[in-house]
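Which chain is which? They are A, B, C, D, E and F, in the order written, and residues in each are numbered from 1.
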Amino acid sequence: MKYAIGILAAALCAAQVTPDARLRASRDTYSPVMEVLRSKRAPVTEAQLELFKAAPLEAIWGAVQGLGYTNCHYSGLKSTRPTERLVGRALTIRYLPRRPDLDEAMATLAKEGGWPRGYNVRAAEDAKPGDVLVVDLGGGVPDGIFFGDISALGAKLAGARGAVLYGSTRDLIELREMAGFPVLAVGFDPRPATQIGVDWNVPIRLGGVTVLPGDVVVADDEAVLVFPPQLAGQVATRVTRIVDQENYERELVRQKQHRFRDVYPLSPELRKKYEAGRKQP
Amino acid sequence: MKYAIGILAAALCAAQVTPDARLRASRDTYSPVMEVLRSKRAPVTEAQLELFKAAPLEAIWGAVQGLGYTNCHYSGLKSTRPTERLVGRALTIRYLPRRPDLDEAMATLAKEGGWPRGYNVRAAEDAKPGDVLVVDLGGGVPDGIFFGDISALGAKLAGARGAVLYGSTRDLIELREMAGFPVLAVGFDPRPATQIGVDWNVPIRLGGVTVLPGDVVVADDEAVLVFPPQLAGQVATRVTRIVDQENYERELVRQKQHRFRDVYPLSPELRKKYEAGRKQP
Amino acid sequence: MKYAIGILAAALCAAQVTPDARLRASRDTYSPVMEVLRSKRAPVTEAQLELFKAAPLEAIWGAVQGLGYTNCHYSGLKSTRPTERLVGRALTIRYLPRRPDLDEAMATLAKEGGWPRGYNVRAAEDAKPGDVLVVDLGGGVPDGIFFGDISALGAKLAGARGAVLYGSTRDLIELREMAGFPVLAVGFDPRPATQIGVDWNVPIRLGGVTVLPGDVVVADDEAVLVFPPQLAGQVATRVTRIVDQENYERELVRQKQHRFRDVYPLSPELRKKYEAGRKQP
Amino acid sequence: MKYAIGILAAALCAAQVTPDARLRASRDTYSPVMEVLRSKRAPVTEAQLELFKAAPLEAIWGAVQGLGYTNCHYSGLKSTRPTERLVGRALTIRYLPRRPDLDEAMATLAKEGGWPRGYNVRAAEDAKPGDVLVVDLGGGVPDGIFFGDISALGAKLAGARGAVLYGSTRDLIELREMAGFPVLAVGFDPRPATQIGVDWNVPIRLGGVTVLPGDVVVADDEAVLVFPPQLAGQVATRVTRIVDQENYERELVRQKQHRFRDVYPLSPELRKKYEAGRKQP
Amino acid sequence: MKYAIGILAAALCAAQVTPDARLRASRDTYSPVMEVLRSKRAPVTEAQLELFKAAPLEAIWGAVQGLGYTNCHYSGLKSTRPTERLVGRALTIRYLPRRPDLDEAMATLAKEGGWPRGYNVRAAEDAKPGDVLVVDLGGGVPDGIFFGDISALGAKLAGARGAVLYGSTRDLIELREMAGFPVLAVGFDPRPATQIGVDWNVPIRLGGVTVLPGDVVVADDEAVLVFPPQLAGQVATRVTRIVDQENYERELVRQKQHRFRDVYPLSPELRKKYEAGRKQP
Amino acid sequence: MKYAIGILAAALCAAQVTPDARLRASRDTYSPVMEVLRSKRAPVTEAQLELFKAAPLEAIWGAVQGLGYTNCHYSGLKSTRPTERLVGRALTIRYLPRRPDLDEAMATLAKEGGWPRGYNVRAAEDAKPGDVLVVDLGGGVPDGIFFGDISALGAKLAGARGAVLYGSTRDLIELREMAGFPVLAVGFDPRPATQIGVDWNVPIRLGGVTVLPGDVVVADDEAVLVFPPQLAGQVATRVTRIVDQENYERELVRQKQHRFRDVYPLSPELRKKYEAGRKQP
């Protein structure tokens, strides 16, 4: 009996709501998760991004996981610009394999929303300065192509700083020449796209990591890090501290005045000395 | 100038709508694609499912692709019940890797919606008779566990007919004993889940195939086929025809009265004869 | 100067010959290697095949490699009939990915040669009793499909004993039911073939092994062994000896009268005893 | 200065000791780790092993990780006897790829120690009743062969209960017939061994898990679990409790009197009831 | 009856022809496919190759698939000279794993044909200016070695422009220094070859693509493209058109006067404007 | 009876010896193999290392395998400094996955031996000039991390010349900047280590190769070669000869006065000429 009431309560709670008909044409695809989180996600600042651009990836990783985000990185992608660090705000896109009814639905939505059908084309129109395109194509090559150099050029001119593809790209040679717009991908292939963009700015998968729209993205050819923008201040503070201490350790290592084990990690005594030194003006 | 107007128009079209606050607690996660397609998706009947249960997988594949759904199958999964055919309606679930903000948002939504937090638990409550759980966990083992034998038992008692996991499961030994509830998965591992369910009944990825909620699922340990329910009638008709003709071909092959090439595929003459025979009562 | 003459000599030696125009329609594709070897390849007998059907795979492997064929096996294929040993003579077929000019050329050759275009169909007409179809499709799944159950039935009725596919097959469920016709393949997929048969009975690749037409094939789900038919007698003799000795060793192991190391391998003393026992009538 | 003294102290501490010349011929290879741990490793009892033979793998996994051994399982091996549970005490063996100086050293040690050169042969002599051979061959196929059916027979007659190979085995067909002696391996291949046994009963690697000699091994074709023998009692207690509670949950699920979420996991109320029921005689 | 006649006809058609005894010593291995196609394969010109050397790979891919050759590329190889485009005519070579009878037959043929036994050596003698060596070694590393730097030097001096290996090469460091001779391979390994060249200038497999002798090869470290030489003119025309239009599109994108979607792909209006502009002198 | 005596003899031979209690704190982990081989392993000289630094890897490979060490190389690692050759003496370290009892035992041993607990830290203290750290972490990424740039700096300052990791490293960007200290690894990942060092200077596995402490290591991004130090003189002599002859061959190839086949390999006549030339002062 109680059980039946429970079921009823559940039925009441999860009753289907008739959504606003215009909702489906919303720029950002409706996402319950983002509705819940929206108010808590103060955006990252340019100054913070600058700091992340220069800091060691491991220091940022350490700071982020210290804040409870232990599952924040994905390694194994290849970069078109291996020496350039990519830093920005995630614009997330979800692709799915094509099928006629899905293609038709997406065409309807594009018409209603007034956006172009290809989400690579849309990215070239809708990207904001500081965006990093993060695209979930299921991780495949060659069936995971997102874009080519013309769409990339469009996105770059719109202010995007690069792309992280859980998938692949064509026009490798041309993208390599595109300074200031690194593209990280599982692989490269000359064929055009075989999947279709279905969601815009929703939570997506990048290998073993979840990326939310607006997340901070820090990437080079070792790994991609992502974390919530409201943590950027705390992360920056921790990174500064980690880098400072590591530089101190490196200096001590170079001086060869101490056993390595006392320097790395710092022995209680050396830590005291280090902390004392930091407090001075 | 015209360009600016275009931009403006786009801005108007894709203006953000303020969604109904209760929408996020809707049983089925809001999906623009499903909103567009809903009216066109007449459900599959039990009689049709029965036919698909017995028909050769290749005949169904042939029928479905003949209707334009060329990208309709995924092979490579392992079955806990290799000799059982799994047939039903897709209840789709999307999982993502855990992170603290996502976990918190999902807890809020579970409370608002009145459903349990684990989506394996929810499946044991919400599955309808004839459902096949199709779960996108990103394709991984061991980090793609969906459920164990107790949740599976719950889902089975609720009427579900099995599960197709783009991911993995624990309790392999126990699931093998569960007649009438085949589980197809990328692999098996004893650890519990490390991901979290985020979307209920939305379009998902099963390897290189898109699965929509309500799709017909036909699976055995060779491959999983999915197609829209409104095509079930046409598929059934085509399958019947294909099977009939192939049986005729097999019979001719066994009689050894004709060159194999004239039987498979049927020569014009034998086809005529075959068509004539079919018309008779 | 001498160099120039050498070049000239080479040019003379390797001058292009105008081949008989009908050669291209020959049943077996012309192969220089097989032309050289033909006279040396006395076929395997049915009695020898019977012996190989029952003998341990490792004993045959040992015998074959003892004759200098150290590179004679390929492991890793899956069998549709795991408990059935497959033994016979290799009918080899080479497939290549399709392209319009190749397809057109093969159509011309099929017409000139009077054989059907699909080599799976041709196998159902041309296989001889005792043949094992060994097909090089480059090792891929899903792009390496050779046949389905109707062609397999045709080949079986023609006398073929099974197939070894460096590629894949469809109709897994139906093939599993086909007793007396094991199919070993890299994998299984419901789609039809995407490659085209180009060579009939020429040397082919099966993973890291070369298979020549007429080779003895011995296979189960541990591995596929191939060796030249003219060695079958020597192999049979060696296998008989190895099996006899191993049975002796197993018997001694079970008696527990000797240290294991003296039994396996046989100590000089036990070997003497064994050899003595063998000579008795 | 202080640094120099530290270095000196370290030099004193870690001075090379001249070991007993007979040590190298010790049955168990000398292992500093095992020297430290020996006194703490009370062996598992037969009664405990019996309990582990019947318990669900996940229940044991849960119990072991609850004791801090979170990294205790390895999945992905194939079993020659998929329906048999393998339970026993680890006899660990380490293999390395061959090279002339290593082969020569091992021959010297075999002579001095009085054991046979092949460690598969040695296992057939030295295994004790209840042992499970756990062999680290680096995880490879085909270059990771440990033994064939004759050595396996020897080990079985000596009382060993099976083998877990981070490597491979030959004689698959024969091993499949050997009831009561499951062999779990990465794969199967007919060629003989290409590596050489170098350590006997030392800590080894089984994929991502460390196995110590004397560890409890519980394995089936889902996964291999290992844990220290002195924990067997605690593990057994926890397993009994987990199994009991899960059976209670299964029973409740079958009764359909409660919401699934209240049963799995047990709601506070049902837990109280369950705990009350357990206390009764 | 009719069936018997059909069989007879087939037997007549496919009767074995006695080939010219000198045929097996022909420079190019006899290939029925090439016999059929020979007259249709007008060679590519140097001017066309120059154009392909500079054009974007994707433009060529687009042109080739527009002519029906949809399956014309293979990606995933590594280049010894990543910044160099490789363009030329395919000289195709097929290798197979060694076995004594095959080795003996190839030695006989080498003697009769007056060519050296190693096909890497033969390539250094027989390559023509403009050739690209395309070698099918089954795709393996380390068992797929074709050559080292001395044979590569020989081939280069003979006029070859590089190599595409469905296999591997040794002497990586030395090959990297060899400007004007890029080698694309699956991988690199210091060991010498373990396979043997068996066919010269026959149709071969390069992953999922068929390569015919004389095909145009265009390759960089993104992908290898191949297509029939008689299509080179049409491909060149299409490539020129594609490149011209894409440059126009890039220019428009940079000007930012239009919505991106109107530029890529060109809107009807802009296409008209573009076509008009092209007609002007 | 005889069997029982054999067993007894074995028991006597392999009786357990009570080892010196201080042995477990020995700097180098006790290894029976190294005890046997120690006296035979004359160290490599700096002059020999210099020669190996400049010689082609394939020439060294050829020399080493000519001395019977056919299994001496491992390819497939990635280098942080692709253009730098790494040459030195192997300091070998074995890691195993963590578990509480193992961690505790290693802490005890570190205390007794006076060395730091992390073996990456220990390497920074204990490495000798000319050492190459060769670390067996089981071959994994991301679970095979050995060290980061600070430990690497420590090891470098201690005189180590680089590292070969059958595992992975963090701080890729920083390591790339560290000239004179190439690190070769299976991959790169920002997370810290998850395994623990258990053995110091014992025989270890590097993929399919055994590495002994003190072995000569020669590595670049094509492959890693290892061989016993006492062979260094012979290897050097052979390498010099191989390089000299190959240079002669390259010269002849460039002169184009001979057929390539007479130069590579040298014809009897040219070999005579070459040998004559070498004898002259």
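In this section, a contact is a pair of C-beta atoms (placed from the backbone, for glycine too) under 8 Å apart; a residue touches a chain by one contact, two chains touch by 3 or more.
Keep in mind the model is a prediction, meaning the values are calculated, not measured.
S.K.: Name whichever of C-E, E-F or A-B reuses the C-D interface, so over half of the contact pairs are the same residue numbers.
M.R.: Overlap exceeds half of the contact pairs only for E-F.
S.K.: Tell me which chain's centre, taken as the mean of its C-alpha atoms, is farthest from chain C.
M.R.: Relative to chain C, the chain with the farthest C-alpha centre is A.
S.K.: Would you kindly tell me how far, in whole Å, the mean C-alpha position of chain F lies from that of chain C?
M.R.: About 41 Å separates the centre of chain C from that of chain F.
S.K.: At what distance in angstrom does the C-alpha mean of chain F lie from that of chain D?
M.R.: 30
S.K.: If a residue has to touch 2 or more other chains to count, which residues of chain E qualify?
M.R.: 10, 125, 256, 259 - these are the residues of chain E that touch more than one other chain.
S.K.: Using the touch definition up top, name the residues of chain D that touch chain B in the complex.
M.R.: 56-58, 61, 73, 75-76, 220-223, 225, 246, 249-250, 253-254, 256, 259-261, 263-264
S.K.: Please output the residues of chain B touching chain D within their complex, sorted ascending.
M.R.: 116, 121-122, 124-125, 141-142, 148, 150-151, 153-154, 157-158, 170-174, 187-191
S.K.: Which chain D residues qualify as touching chain F in the complex?
M.R.: Listed in rising order, the residues are 7, 9-10, 12-20, 22-30, 32-33, 35-37, 40, 68-69, 71-72, 96-102, 104-106, 108-109, 112-115, 125, 138-140, 143, 198, 203-205, 207-210, 212, 228.
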